[in-house]
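Look for chain A in each of the two complexes below; its partner is chain B in the first and chain C in the second.
== the complex of A and B ==
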């Protein structure tokens, strides 16, 4: 684990350690996703059925990830840490990849609570739905850690992140809902994979321009 | 400026003339659609506007790409103007599409028209461009972030299109198709003239807007230089 991947691992570890010490983000995400599922129970009419619930699961996941992403770059903003990272002798895309890995860890932990809770409250999830969640999480974190870096550079970062992120997340929701409810989930999973590849490459290549002065 | 101004005047005149010719052709040369009647005439405006919006977004992304690769300062305003024009034409696409949907399907909005939904997504995405741009301090960082955002836009177009195609499978089992009768030669000619007119109009608007934005930026620089 040296070189590029070593840098990525060190950066992701730093975020996880910060979270373990301060517990800023993860408890909020867990509570939020549970509260959202409860709200959805009351938002759905009695006879709405399971298919509507699957749709709302994706709304809950996207908004929960937004909550985590909004705080993703806060540690870097304090005390000029981002400037230090940019000056560090490493490829700048490693900063993005490290942040993506950390964001994925947070979102994965939130899903570890959210998915069993969803099964308990609403309806069971099959293997293709779980595969959809996995692929969508990668896409959400890859794009999200880039656009939250963009939003963090602006004045109104909490307001801007959802505005920028939600149009980009619409394809993810389509793929995820399709993987959960469709009879042939294969093409939706393929689509999610395509989304991940396209936007991960784009984010990886573009990140340098977002953080350098 | 002395070189660009006359050519811009000429272009604007040509665009205006061509628009007049296009309107005349739409109403007098192209035959009336057997199925949809008079309401089909909006096709000659709606589709060229939509294609022009795509072209503007594409131009914005190309200029953004040039900005990131060459660090040429002038590309920032060019890319910004492209997004600006694209958003205007995108909004017009939504409006004309909505009118067409009302005329032919009886509703102002339908989720089964994939192109219309795509434009709604793009419209939301590019509106956020302005929010993002104006909440970052002017400078190289804003230019780069705007450029990266504009580049994301062109990746979002095909991905969203594919997504909306896929989504229509589970939102609407049956999809409307707009396959009217085949276009006749006159219809196609009217369509092409209209397309050329609107593209040229967009280009003239782009040039005017760019000149305005440049003047604005220069003025701001001067003001900052003169401020005590």
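== the complex of A and C ==
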């Protein structure tokens, strides 16, 4: 693979390799999402019903993704590697897209554990709920990779990431919960798809301005 | 800008908030030339070099570099590498991004030349500072840049490494343009075509 997509693939592969080697992010995400679901299992009253549980699933997924995104740009900051990438002649949006693909792989792995656990502790997930998780994950990673790059460049990175990311994730939670519990999940899935397209384009276009002066 | 002039700085200033780091810097550098930048700590050498490669922009004045970034090579204070990747993996990644033809051969040749071939499969975090600096030089030279911007390139290198770097720079003289910030300007006497002494602003 060559050209733009080749650059994206090389950058995403680099992140997967770094994670396989350092194991900084994925084990933390897996443990966090499992622990959160266990806590919710005991915190939720027996008569609360499935609808409340679906809401908690989305809380768990959003905060798990936040955990991963907080570490997303750490390897780039450690030895000035981001400057190296910015100086390379590749389109800078490829750096964002590579990071988004890698973040999606990590979140997908966490969901592979979280969704069966949710089914075990709470209620089964139907096809529309699964489609909602898939679409929401794309939006979370697209927006999150941009916001975490902004946060990484600032002094108050630990505070800035949740402060900016969580409000932007509200539509994702609304869409995801709607797709999980509504009688008409199609409109919520459509909403999530639209969110993904709009915010992916915005993030793709804005990334250059985040990493350059 | 004339064909011969590769870099032209006119009244360049750079501030970080209220703190002015560079004041009224002007110079021209022709293709194939070598500008040696000297000055005490805090005189803005690193800032000037970051402006030159486009990692920062001047607060005032103009700085024209008649090259796109594909033709620039930069060694900064940091190695611009991934510490968890091996030497080979780092160079392979940057080689891909720079579209280096015959990448593997070029990487192998540079690693051999800079004495890192035996350590090619070790992670950068296991490298000494000198080895990391050698690898940073390999990264900067990988794509055969027309303009090589080096920030204290001899720092952390042992005697062999420093001699190797001098030899490398001399072999590139004339075909490559250099801007080198250094505290050891005498090392670059044979290379230098111009000098810029920065003072504290």
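Points to keep in mind about this one:
As a working rule, the second predicted complex is superposed on the first by the 213 of 213 C-alpha atoms of A that agree within 3 Å, B and C clash if a C-alpha of one lies under 4 Å from a C-alpha of the other, contacts with A are read in each partner's own complex, and residues count from 1 in each chain.
Here, a contact is a pair of C-beta atoms (placed from the backbone, for glycine too) under 8 Å apart; a residue touches a chain by one contact, two chains touch by 3 or more.
Because the structure is predicted, anything quoted here is derived from the model rather than measured.
Touched residues of chain A were counted for both chain B and chain C, and B has more of them. In the superposition on chain A, A:88 makes contact with chain C only, while chain B stays out of contact range. Once the two complexes are laid over each other on the shared chain, residue contacts for A:213 go to chain B and to chain C alike.
When the two complexes are overlaid on their common chain A, residue A:118 makes contact with neither chain B nor chain C. In the superposed pair of complexes, A:79 makes contact with chain C only, with no contact to chain B.
In the superposition on chain A, A:22 contacts chain C only, with no contact to chain B. In the superposition on chain A, contact of A:7 is made with chain C only, not with chain B. For the contact definition in use here, the residues of chain A common to its chain B contact set and its chain C contact set are 212-213. Contact residues on chain C toward chain A in their complex (touch as defined above): 53-57, 68-70, 72, 74, 76-85, 89, 93-94, 96-99, 123-124, 132, 139. Looking at the complex, you find that chain B touches chain A at residues 68, 121-122, 124-125, 127-128, 131-132, 135-136, 139-141, 144-145, 147-149, 151-152, 155-156, 159-160, 162-164, 166-167, 169-170.
The touching residues of chain A, counted against chain B in their complex, run 146, 150-151, 153-156, 159-160, 163-164, 166-168, 170-171, 174-175, 177-178, 181-182, 187-188, 191, 194-195, 198-199, 202, 206, 209-210, 212-213. Remark: chain A residues 6-7, 10-11, 14, 17-18, 21-22, 75, 78-81, 83-90, 212-213 touch chain C in the complex.
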